[in-house]
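Labels run A, B and C following the written order; every chain starts at residue 1.
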Amino acid sequence: VGKPMFTKDRIYDETPPGVVMGLAWTAMGGSTLFVESVNHALTENKEARWEMSGHLGDVMKESGRIALTYAKRFLRGLDEKNDFFDKAQIHLHVPEGATPKDGPSAGCTMVSSLISLALNKPVKDRVAMTGEITLIGKVLPIGGVKEKTIAAKRAGIRHLILPDDNRRDFDELPANIKEGLLVHYASTYQDVYNVCFGDSTEKKEEEDK
Amino acid sequence: VGKPMFTKDRIYDETPPGVVMGLAWTAMGGSTLFVESVNHALTENKEARWEMSGHLGDVMKESGRIALTYAKRFLRGLDEKNDFFDKAQIHLHVPEGATPKDGPSAGCTMVSSLISLALNKPVKDRVAMTGEITLIGKVLPIGGVKEKTIAAKRAGIRHLILPDDNRRDFDELPANIKEGLLVHYASTYQDVYNVCFGDSTEKKEEEDK
Amino acid sequence: VGKPMFTKDRIYDETPPGVVMGLAWTAMGGSTLFVESVNHALTENKEARWEMSGHLGDVMKESGRIALTYAKRFLRGLDEKNDFFDKAQIHLHVPEGATPKDGPSAGCTMVSSLISLALNKPVKDRVAMTGEITLIGKVLPIGGVKEKTIAAKRAGIRHLILPDDNRRDFDELPANIKEGLLVHYASTYQDVYNVCFGDSTEKKEEEDK
């Protein structure tokens, strides 16, 4: 009954900088969800700007603002001289445009999208994530772990990032659902960053052998 | 019952730069839908501006913003020195003004309208298109392929651009509907561009002989 | 019945500057509530800015504005040369983003968060507070003293700051609830400040021995 809210599991085979795969929980079950960010400032001397689209509810819009504020801080921590956000005119979009979306659980995905854009560096291959972010970078637990995990697997994901406080939800899943997935738990955004851009994924692969 | 949502199939015989024919799916069946963009900056040193009209719903308005952001990127890819969008005061209108319109499926049409305006180059003759666009230029599938195809044919269209993921919907149509139409499938906007402004249309004509 | 509105008692073990623990009163009982403030101005010569998030109702948003106005005054009283609020682009967030929050009782918590940010000095360890603030710094009584006290204790709080006019509400609580908590009554924000940043906590510890 009804039609799936997201018609495709993967609209990207490889994600360019600024594009990150998240996971959504809908009335129809879990699904993947992409966050796309681009900088459309054409000339150097522009005022920074921010815009969101994708039929987003108020909580998700706030989540985007929190992601922006936090991404600025986090980037400064990585490289004090990187003034990307000072001049960027950022448009963040969540396809598909006709599907209403809400909730805070794409927070980590949005931060990763912005950091990927600022660094001009794609997120590692076959990584998907879910988790609310706070202004200071804490990762808070989310709902729908089972449905989201199934969606991640269906989309061919290898590395799944979950909030540390959802550890038990994942542990309790049947073995056949978890099979083939490497799970990474995050309590702060730094943990998410390590998987997306660092070498945590390689380490996990080693352990898995 | 009710009155047709779009009263004419063709309000343009030849489309000037900035005007592109899209296809809509309404309660009354399919219909054509034009997107018109103009630059109303009178002097050089103006701030860029953006305005939409046509009784558009929120999703379609967002779709217009996505089209603008993407068109900027795409134009830069075509010609790095073209600063059209830096100074343009663009008004994008979708006639007919009394008819409420919504949904993301005019995304490709709006990008084409903006690129046509920026290049000051009309879209090729007898081309119509439908497809959602993402911020990175992916073309996502739409609904109402049958109704839209019938409307395209009724309007004398020769080249029909559909999202690649709607391939099966078109294949399943009866032969008498498809007859006389050359269909082009697009997975990214580049595919749409090639038909509208490149030589893909000529190639198809050749193949069709 | 229902699920707890705040899933965790402590999302912070140690609070960095700008983060302060408040106490909320919900339909499900009391709970802790963090206020997070950051300054995301990247360069010196920026316009001061203010932004709030966390699914806040109108009364709580106003409470945030009052906190900002009062914190500016209070900081000037501490150090006339501190021009922090003159250039800061402040984002104040109250996790968790999906939980609607309202009411004026986080006023003191928000002022403390802003003062902590401006001084770049964390609030003392294991302090939680509740109380409405007026524009002149009066602390007004709040509801839910019992539920908030239980939540504070459950979260491992040592120093509980309550409005002076809630003195009787606390006195009437059973001894087993009050055990282990040092209560501080505030009639103006200066009293709150003394506990958070001054030496009032040490004095209380002494008295308690």
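Keep this in mind: a contact is a pair of C-beta atoms (placed from the backbone, for glycine too) under 8 Å apart; a residue touches a chain by one contact, two chains touch by 3 or more.
As the structure is a prediction and not an experimental result, all values here were calculated from the model.
For subunit B, the chain whose average C-alpha position is most distant is C.
Summary of the copy comparison: rotating subunit A onto subunit C for the best CA superposition needs 60 degrees, to the nearest 5. Although subunit A and subunit B carry the same sequence, what matters here is overlap: shared residue numbers make up under half of all numbers found at their interface. For the pair subunit B and subunit C, the distance between mean C-alpha positions equals 53 Å. Subunit B has its Cα centroid 31 Å from the Cα centroid of subunit A.
For subunit B, the set of residues touching two or more other chains is empty.
Touching subunit C in their complex are the following residues of subunit A: 58-59, 62-63, 65-66, 69-70, 72-73, 76, 83, 85-86, 103-104, 107, 132, 134-136, 138, 140-141, 165.
Of all residues in subunit C, only 7-8, 11-12, 16, 18-19, 34, 36-38, 40, 42-43, 51, 53-55, 91-93, 95-98 touch subunit A in the complex they form.
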